[in-house]
Amino acid sequence: MTQTDIIALLAAAVILPFLAAPVSFVVPRFLASIVCAASSALSFAAIFAASVGYTMDGKQAFSRDLVSVHGIAIFGFTVDRISVLIGFAAGLVGLLVCLYSVGYMALGNREHPEVGKPRYFFFMQVFVSAMAGLVFSSTISGQLFFYEATGVCSWGLIAYYDSPKAIAAGTKALIVEHIGSLGLYFAAAMFFVSAGGFSLSALGGMGPGAKTAIILGILFAAWGKSAQFPLHIWLPDAMEAPTPVSAYLHAGSMVNIGVFMYARALLAAGNVPHVVGAIGAIAATFTLVYAFFLYLPQLDLKKLLVYSTITQLASIFLALSLSTFGSILAFDGGVAHIFNHAFAKSLFFLVAGCLSFTTGTRMMPKLHGLLAEMPLVAIGFGTAALAIAGVPPMNLFFSHFAMLAGGFQASRAYWPLLILVGISILEAVGTFGWFLIKFGDAVPGPASPAVAGATALPVTMAVAVAALVTLTLASGAFAAAWMG
Amino acid sequence: MSLIVVLLLTLLTTSLAAFATRWLGLWTQRAVETVHLSGITIALVITGAIIGRVLQHETLFAVGRWLFVDALGAIFLGLVVVVGFLAGVYSVGYIRYDLIKGEITPTVLSTYYGFFSLFMFAMCCAVLSNNLVMMWVSIEATTLSSVFLVGIYGRRTSLEAAWKYIVICTVGVALGLYGTVLVFANANAVMARPGDAILWTEVMGHAKSLDPATISMAFVFVLVGFGTKVGLFPMHTWLPDAHSEAPSPASALLSAALLNCALLVIIRHAAIVSQTVGPEFPRRLLMIFGALSVGVATLFIAVERDVKRLLAYSSVENMGLITLGFGLGGPIGVAAALLHAINHSLAKTMLFCGSGNIVVKYGTRDLRVVKGMLRLAPLSGVMLLVGFLAMGGIPPFNVFVSEFLTVTAGVKAGYAWLMVVCLIFLTIVLASFVRVISGSILGPAPAGVARGDPSALTLAPLAVLLGLMLLIGLHVPGPVVQLISDATATVLATPAAMAASKGP
Amino acid sequence: MPVLALLETSVALYTIGGAGSLLLWRSDAAATLFAGVTSIVAAILGTAASAQVLIDGTGPSFAAAGPIPFASFLLRFDPLAALLVLVISLVTLAASLYSLSYLREYAGKGIGVMGLCFNLFVASMVMVAVADNGFYFLLFWELMTLTSYFLVIFDQDNKAVAAGFLYFFITQSFSMLLMTAFLLLFIHTGSLDFSSFRAANLPPWLGSVIFLLTFFGFGAKAGMVPLHIWLPRAHPAAPSHASALMSGVMVKLGIYGIIRFAIEILGASAVWWAWTVVAFGAVSAVLGVLYALGETDIKRLLAYSSVENVGIILMGVGVGMAGIATGSPVLAAIGLLAAFYHTLNHAVFKGLLFLGAGALTFATSTRDMARMGGLARRMSWTASFFLIGALSIAAIPPLAGFVSEWLTYQAFFATGMGPDFTSRLFGPLAAVMLGLTGALAVMCFVKAWGLMFGGAARSEAAASAAEVPVTMLVGMGGLAVLCMALGLGAPVVAPVLSRAVAALRKSGAVEVADGTVIFPGDVHQAVLSTPLVAVVMVCLVAVPVAIAAMHRGRRLAPRIVPEAWACGYDHDARMTVSASGFVEPPDVMFRGLYRLRAMQGPVGDTLDGSVIVSTEAAGIVEPLWNRMAMWVATRGVPFIGQQLQVMEGGNLRVYCLYILAALAVMLICVVG
Amino acid sequence: MNGTNLVNSLAGLLILTSLLVIETRRPSRAALLYAVQSSVLVTIFVVLAYLTHSTQLYLWAASSFVTKVVLVPVILFGALRKFDTMVPLPSLMRVAVVVALAAVLVMGCSLIVAPLKLPAAAEFRPALTVSLAHFFLGITCIVTQRNIIKQIFGYCLMENGSHLTLALLANQAPELVEIGISTDAIFAVVIFTVLVRRIQHKLHSLDSDQLMTLKG
């Protein structure tokens, strides 16, 4: 497969869902969900084919500019190991979530019994498109563009149920993410001033001052998108969204944009000034501890998952930041963790969705004994919980280990970093304990009344959950091997 | 006969014909609409031809070089006519509702359309003028011709707004005259032919030999004077009143076309001053006014509850941003400002027209009353929603691009801190818009308001504008890019541009 | 078949067995059979492979790149690993045989899944033993914990879930210490391979740090006091065949880790390490047996007993380390030999005892010893096997436990004659502790056996108990035979183990056996011939019997046996010796130590309390940022806006003044 | 008294007349006074034309006479006469203060004019100063007077001031420019009066403080 073919495929992956999105408004309601699933499937198929092509070509990284004004590249695609990996995950999770939505947005849903409105599927597809665009973007302007686009999709989907709370939550998400994007605006502007263009590859050739300013700008934007303290406040409220949205946007892909952009910047920058790493690492550690602390009072399963997402992302930030102190392993581990976390956390959210679909509640005190009543959901719950707890053979173990190993590596240069790594290990223990308790509460034993009265699960939802269980079990070694 | 003259005559004739229809009795409405629509359509076509010529790197002159179109002028001419055309089409749909509701009589209708075309005529004069004093005259004429558009409903508040509008603007613009006269007097002293000293193109050519002290003082007068018309803080006070009281399409015209015309005058003077005094001086003044306008208008936006006043403050904010862009200078800054001028015009026309639909639907502009637009009038709701987001700087729409360019220019100019502050203000603006969306467009609909969108004539212009906004947001069309880059060269007075603007 | 192939086949079979069991989840019988048979075969293969390595004294290794870029997949089947694989395989063999019938008790509760967990548990233990790379070691280590966790919570009741949590949490937390240690070595050597760890030239402080990290990390798994608290809860919660493996084998992997790291990789380079190990071992031994003594739940008792035995093994390891650190090969040899031997023995008899306990539960549906009684008559086979196990664990010659404890004593005696003061101080002290342990262990198992099998039945269930099915008996019987074999066959076994020790110390084997006698490294020290002891023991029983037989004819007529005299009351089942009554003297004597255990409660309360406080605090903090952000958005900015609105008061003339003001300011700036 | 001085003195007279316009109570009388002032302006134009031998300025004088002395006063007089009977609204400042302010304005404007290098108006610097001050006096009228009719006169005064400036500085500009400016002025006055009448009709008041419903 030539590079042009790969680029064409990726362009198709971006454009197809975008073109298909307005169709949701035209076709009858029951078809909209099918269209959505189909277009996301096509998009994923394109990404998949491109990934295969890329692998067959011996993983030759390359970039190609697509849109230029006056010879300045505004947008283009970069195909390399991190973009293909994360693009693959985003596409696949997108496909599974769209599939899941077919079953979820239905009258049988006990929490929100309604057939999905066209705008749900519209935003979903636009998001699929924007996500692909962002991940493969080779320019900072492209990133900014899609960053904002995903923010709008997030807003539209969070506010989907139109309740005052949902609308407020959507507004908050949009604004807070936009505040984050200011960093990206700034970084992009700095970028242009320093490099005279927007191609991220130019970052490597810049002076340390410009590099620092640009990466810090990107880091700030990343905090906004990845819900890091103090810009995390939108994410817990965003749980007003339909659960597939939470799974996709707030666990599987959108929140990963932040860390991904940071990773992309670090990769492009090559030698990064240590101050960036230090700021990133300290902030990440703080978020890590803070969000862990907030596990404790959560009764709503989705809320718990939110804080867990925040800590997971924080640990990726930590690893990526530490990688600037000279640890490639931390970087690889961090990126692999993005990949793995996408599957595991999406799975967990989809399980939460299954629970609210079948039982009408997400409150953990009401959910016991899943294994007795709904084995698949229970297995999903267990797999996801143990994955987040960092237990092998679930995927997060692999990347988490690599991140910690990288952290240790980095601390060779500056021993105080070991303190941060130590804190993150303690947090990992705490997370492990907490999710083990939740697992023990929810999965085994006799079914609680809410669980005993559960309705049946639609096939599409079951398929999505089963697929994600498999992925959660299998993706760890794959990601590690890919990154290495 | 030059195209320019044809354009102006078309508009003038349309205006007179529209006034004349008041004596047609029952036929008034149909006749005036026909006259109006054909007039603005012809104007649009001619403008297209003019811009086509300008794209061939040609500078058109007319009436003994008193009128001319260069790339810079072409951009603003295009804005005036395109906005005028779309707002004109929208007017037809919108004003019919006023007729139905009995807000106005058919006689008033012909007055409205007459002033509409006259207003456009005045604005075209302003952007086409090469004569410094005629620029002033035209700007003054725009005020006079639009006062009745503001006061057309004859309500207590609309009369008040009209009065404030005319008093503040005449006071302000009169100050501008001093600036103009100072420039002329100074140029006259330097240049051989007094007839040339009044021409902008000629003065530009001799700008380097003018007296810096005089010219800088002149620029202060120009900036404060025409700045009043642009709506820069603290001279913007007429703007929210006038914009909110005028019929929605007229508001669109005021906001999206008129402000730009005055801005063009400032830019033309700034170009001279840059030559004479050096670029630092005008840039600093523009930046100060621009930044202040952005900041103050943003805070007003945050508390405003009247949708049209909110949009008016947004105009102040955006004009501030454009001014800031010019102030930041450099090729990027100027290009960003020009692009933003285009983007703001499109977006603001769209929003003002959209707010017209709100008024049609709810009979009020109070956002505390307007609820659930999306449910009641889905198409208008969606378009307004998208329009607000676009105006807030969300991609893939156009405003995003120019805001981003402005920030880039700021960073490049070494004003990173100012850009951060600006970005924070822009976020507040976005937040306020989103608040409007979530409060008034989303959510449950109130009982007692009929469902359904207003007529297609009120929707089509919105859709067209939205399409244009999306187009520019996704990819700025080649001709626009070319115009902007040529205009940038003119503003920065690069040698090539100077040579090109030399008349016959 | 080459050794490695045997091992690989064995692991593959376990995995296949597990997977097959899961696929057969619809049919309990099929799942039981499939999982059982595959694991039996696998265990036989494992035994064969490890036996061969032990006999050869050297084993193969295997290297592959593996999917993980930062860790290569290395296996190393050295004698130490082989010993562990042997232990695993033997107990698995018995437990799998046993499970064929035992699992009937779990019919309808998901035997397919249990088969999966059980087989994977075994497989992961084998892999832990042979893994030679830090990452894979941890991977299998965690897998082992995970699968056993599922076995622990298999009953799905609150108690099991809580026990499972405690177990998993403690071992996982402490495995983080392991990971830290590995990663410290990793940054020092740039690789996670054990081989590079071995080659690392560590600064002493780092060595000590890593020793402490690994010691506590593995110690938690081994159930060393004070990290043992999970053990008496988790082991009893699992099904008995799994408990047998957990208690008999899995804790040994903790020991294995300590040996692997402290001795093989770090080279036992400091004496204080050795005494640390001994001290923890001694405390574990004494406290473990004391707590066992106080238990009435048979499986909990056995679990505490495991703590005790781990202590004994650790004492041996400690002595071995002291020997290496002080450069006395004999000391090292005996200490480690004792540890190895006891590792093997304890696996066998603890496996046997847990299986026995399982049999009792199977028959009586209770684990409370107070509700059993008189079972010797009803379940004579089980009783005999349990007796053998109990005697063995109580170190009664000539059974297995005796030999290893004897070796341990010898090790301490040798230490007592050591060159330096600390050795001479600690050696005898530890020997005294060991003696105390041994005595209490005897008491403990006399109590256990007596209460369960002796006397009258104390519950309906006990009264109607029946012997367990034959496969269970075969499983137990096999282990019982092994108990005897390891005792009597000590002269054969000891040299084999001694070669493993030698391989570990990378020196020639110290000769420890000659003919029927074993002697700990030095013939001048002490000599033990277990066959001779056996003969003596047989004679001790046989001679009185023979004498009685000779005098048979002069025997008095049998007396009428009335009801036992009970101070004039009718005899009552309640009057038989109770568990707590039996242990009252030590209870009183060691009150202080028992109080130590009671202190776990307050610690737990404090932890719970702090979690509650943190939860409340988090509940307060959570909305705080929200509120602050919202305040800025909904109050702060609009407040400024409202203040500004005053500026636009609507007065036209004021507006004109603004223009003038702007002009004035600008003019002043320009002119001035 | 040479021509230059004459111009400068006449300019001073402009200030005086404008103060009269500001302080007069009846609109009709103010319109008449405005006509008087405009004729002073026309005189200045004539003198200037004579001094500079500028034929264009004669034309300006003529057109100014038509527009400022005749047309505008007539329009104002006709439109506003009916408001003569209305109770006058209090001014923000007393006469004395306004006079003082005028003096201050003249001084301030001289500061503004001082740095200008304008050879065309070198000798008419005082007149230039006065023209600027006159302009600001017009604004002062708008700012200080509550009566909206007075605001029209304020505009007219500004107009005269700027016209004088134009004549002093830009007398060589093409005639058409002057016509444009005058036309604007006439239209402005017409529109002002129309609006005043409509406001009076709607509000029954000419108080600009009544026009304060639209705010921030």
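As written, the chain order gives the labels A, B, C and D, with residue 1 at the start of each chain.
Heads up, the rule we're going with is that contacts are C-beta pairs under 8 Å (C-beta built on N, C-alpha and C of every residue); 3 or more make two chains touch, one makes a residue touch a chain.
Keep in mind that this is a model prediction, so the values were computed, not measured.
A.B. asks: Hop across touching chains from chain A and tell me the fewest hops that reach chain D.
C.D. replies: The least step count works out to 2.
A.B. asks: Rounded to the nearest whole Å, what is the centre-to-centre distance of chain C and chain D, using the mean of the C-alpha atoms as each centre?
C.D. replies: Going by mean C-alpha positions, chain C sits 105 Å from chain D.
A.B. asks: Roughly how far is chain A from chain B, going centre to centre by Cα mean, in whole Å?
C.D. replies: So the centroids are 43 Å from each other.
A.B. asks: Provide the C-alpha centroid distance between chain B and chain D, rounded to the nearest whole angstrom.
C.D. replies: 31
A.B. asks: Can you work out the whole-Å distance between the CA centroids of chain B and chain C?
C.D. replies: Distance between chain centres, rounded to whole Å: 81 Å.
A.B. asks: Return the residues of chain B touching two or more other chains; collapse runs of consecutive numbers into ranges.
C.D. replies: Answer for chain B, listing residues that touch two or more other chains: 163-164, 167, 171, 217, 240, 300, 431.
A.B. asks: Going by the contact rule already set, what residues in chain A reach two or more other chains?
C.D. replies: 175
A.B. asks: Out of chain C, which residues touch more than one other chain, so two or more?
C.D. replies: Residue numbers touching two or more other chains: 633, 644-645, 647-648, 652, 656, 667, 671.
A.B. asks: Can you give me every chain pair that touches, using the contact definition above?
C.D. replies: Contact pairs between chains: A-B, A-C, B-C, B-D, C-D.
A.B. asks: If we count contacts the way the header does, which residues on chain B are in touch with chain A in the complex?
C.D. replies: Residues in contact with chain A: 332, 389, 393-396, 400, 403-404, 407-412, 416, 419-420, 423-424, 427, 430-431, 434-435, 437-438, 442-444, 475-476, 481, 485.
A.B. asks: Sort out for me which residues of chain C touch chain A in the complex.
C.D. replies: Chain C residues touching chain A: 67-70, 135, 138-139, 142-143, 145-146, 153, 156-158, 160-162, 164-165, 168-169, 172-173, 176, 179-180, 183-184, 186-187, 192, 611, 614-619, 621-622, 625-626, 629, 633.
A.B. asks: Hey, which residues of chain C end up touching chain B in the complex?
C.D. replies: 633, 637-638, 640-642, 644-645, 647-648, 652, 655-656, 658-659, 661-663, 666-667, 670-671
A.B. asks: Any idea which chain C residues touch chain D in the complex?
C.D. replies: So the residues of chain C touching chain D come out as 644-653, 656-657, 660, 667, 671.
A.B. asks: List the residues on chain A that touch chain B in their complex, please.
C.D. replies: My answer: residues 67, 69-70, 141, 144-146, 148-149, 151-152, 155, 159, 162, 164, 167-168, 170-171, 174-175, 178-179, 182, 185-186, 188-190, 192-193.
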